[in-house]
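Just below sit the structures, each encoded as structure tokens.
Note that chain A is present in both complexes that follow, paired respectively with chain B and with chain C.
After this line comes the complex of A and B, so read on.
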């Protein structure tokens, strides 16, 4: 059975009498421990799908099931313990007035979990940050370090599913590779299920088993990693997207070291 | 001492308590470097000390009248700031008045901003009809002139220091609510709020732990800037017989009683006016320095 089942999902934003259909009738399933990618250009609705799963975007049609059970509205703590998200911009996703320690211990406090001292130290260690960073503020950290903190925060509740909203697009190339490798390692160690959004096919190819190409809020084509690597796509749009980043994908030296 | 300093400035603290004390120490170092803020802190500390030890410092009883020594000019031996129209020593009255002033300021500073923060953040965070109701309520309070509303409240509640404080607090909160709401609107849709909501946090936790800290610095600046106005409103209420009652030595009351002799015996109104001026200045300077300290992003590299 699939862990994430999204069936005919539609998201419509309404503002001042205008309707924007951000996502239209998209279906996808992700098996446990699978890594699934959503790819498309800006405004194709890929991030909106992640936000709809989290209850941050209004669902106007279709259903989302996690582990066979439809998600509750509002999402609640049980959902939080299973599904967590890493945001795109590490400069905006950490509270500027909270120390790293506060940021990481907050989820434990919300869920009434004990032993937060030891867990915070362990979490920093797991994402490769020195324990000395624990009482620093986000503005004292670099972008890559902040994104590591954001990943550590998402993992504090030991979720099964990690939603990744372009986790590396705000970082420069060398740091990107480090963060992607970190995510890869954590997935191996913890048996996580990834649902990852990116506009970069090279990143998607490196990270995911299957990928859904999206355009203008609709699903265009689903590809396995083998099909992607072999350039066996059937739609023109997927091919043009592939051509745009093919040179980087086929050269392993430019991938993560 | 050096061991303590090393412990406080340790770049990798080993416990939360050490980290918090270390941050306080760094904040203290930052405010100490700001000479204007230190001047403000000195003025406010002197106010607190004078208020605490008023009976020991004051040369005379502030309430004892001596009509043979009325309206003496400043510099008279025994009455260095002169005497008022009942022959009471102005210096002693100012010193004892510091207690009343501090009491009023303290109570207003504790109540009005808290109420304003609560209403503003709740309105901004929930939006929709909650926002509409709370903000129209704020508009109604803002539309009244502050002094008139305070007057109406005191007239209903009866004169006295406590009621004056209550009236001032009830009229002072709307600007704080406005500031807090504006700040809340800028942060409510940010990723870090979404992240903590995604962790299952309730609205109360998000507002108190994540939104209020973002509003605090602008509210604190407003509080310190408003302190002068608070002293003056308390004085205005006293002047109209609705606040602090004579013969208590409240500074505003002293100014209004000196108004009658402003041209011939200027010192009767000027001396308490100077006291209000200096204390207001102290609060403004301190507030400015506090803002720099409260915002960790503005810390020098």
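After this line comes the complex of A and C, so read on.
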């Protein structure tokens, strides 16, 4: 049985008499301990799928099941303990006036878990930050350090599933490498299931086993890692995305046109 | 042909409580009507270099250079009034983040036509037609709607394209583009790059392309300056970038994941080599 099952999911936003269909009839399944990628342009609905899973976007059709059980609305504590999200912009996703300690211990307080002191120190250690950072504010950290804090926060409740919304697109290439390595290591150690969104095909390819290409809210094509590496895509859109990927341009064998 | 822009020993210094901090330490380059890339990590001084050319660094920051000449005009000696005549008209700059660089309380149409109407004396209808043409030139599908939109109603990619359109309206001779495509999707990125490319080729515009994405720069520019801690550590022809010898350049290249590449952890950047100490005071 798949851990995440999304069946015919549609998300429609209504405002000022206009309708925007952000996601239309998308289905996907992710097995436990699998890493699954969503790739596409901005506005293709890839982030909206993650937000719909968390209850941050209105579901207008279809269903989402986690571990075979349809998600409840509102999502509730049990959901938060299983599924956590890491957002794109670490500058916007951490409370600017809360210390790192407060950011990390808040989920523990909400869930009535004890030993928050030791857990916060452990969580910082797990993401490769010194324990002294707990008394800092977000503005005293670099972008990469903030994203590590955001990952630590998501892992505080020891969830099974991490939803990653462009976790490295705000970071420098060298810092991106460190954060991707961190995510890979954590997945390995804790047996996490990833559902990761990125516009960078090379990042998705490095991190995930299967990838769904999306365009204008619809699923275009699902590719396995081998199919992607071998350029065996069947749709024109997936191919154009592949060709436009900056990664290919330095390949001496395939000279850019 | 004499170069469009010549910069020798450019330094940008900020005086702080703990002493002067040099953001740019002695950068020299010259630019013809070509595409020059400046690459480096955050804090390497690439943005400061771009801003210094337009003298857009506010006190307490100081800009010093042995020589900084744009098309025969000395940028160091120029008065503030002369600089104002250059900014926008002759040297355009596309900023990094449309969220902070567009006016949040003016709609796009008003921002695009403001300069045309006040500076160039265009009538309302002419200015509007020209603004719509500029939006079309950057591949915005329904320019009429975008003209009425406020910046918060646009996606990052749209906002970025609006800024590029705005900078291209006065047809500058030199465009400084600071991470113009980092907020864009790869497919849109390719479109925006081809727009910039066409401008360099057809109109003979010079372009300084500032980016942290080494592969993008290599594919798009003619020459690349690699910066680290305010210095140029290597200057290479873009087509020879793969053969770059400097350990920093190689580190930047190797830490990027590749399609079909290995699943092993990505190599981090080694900051312990002897080169990191070069010239540090």
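Just so we're on the same page, the second predicted complex is superposed on the first by the 245 of 257 C-alpha atoms of A that agree within 3 Å, B and C clash if a C-alpha of one lies under 4 Å from a C-alpha of the other, contacts with A are read in each partner's own complex, and residues count from 1 in each chain.
The rule is simple: a contact is a pair of C-beta atoms (placed from the backbone, for glycine too) under 8 Å apart; a residue touches a chain by one contact, two chains touch by 3 or more.
Note that this is a predicted model, so its numbers are computed, not measured.
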First (chain B), second (chain C), both or neither touched by A:143: second
Touching partner for A:43 - first (chain B), second (chain C), both, neither: second
Touched partner set for A:95, first chain B, second chain C, both or neither: first
First, second, both or neither for A:181, with chain B first and chain C second: second
Chain B versus chain C as contact partner of A:60, first or second or both or neither: neither
Chain B versus chain C as contact partner of A:29, first or second or both or neither: neither
Contacts of A:172 with chain B and chain C, given as first, second, both or neither: second
In the complex, chain B residues that touch chain A: 11-13, 15-16, 19, 22-23, 190-192, 194-201, 205, 209-210, 213-214, 296-297
Contact set on chain C toward chain A in their complex: 41-42, 155-157, 184-190, 212-216, 218-219, 241-242, 251-253, 255-261, 263, 265-269
Complex contacts: residues of chain A adjacent to chain B: 54, 56, 75-77, 79-81, 84-85, 87-89, 92-99, 101, 106-107, 110-111, 117, 130-132, 134-135, 137, 139, 150, 153, 156-157
Complex interface listing, chain A residues touching chain C: 40-43, 142-143, 172-178, 180-181, 184-185, 199-203, 205-207, 228-230, 240-242, 244-250, 252, 256
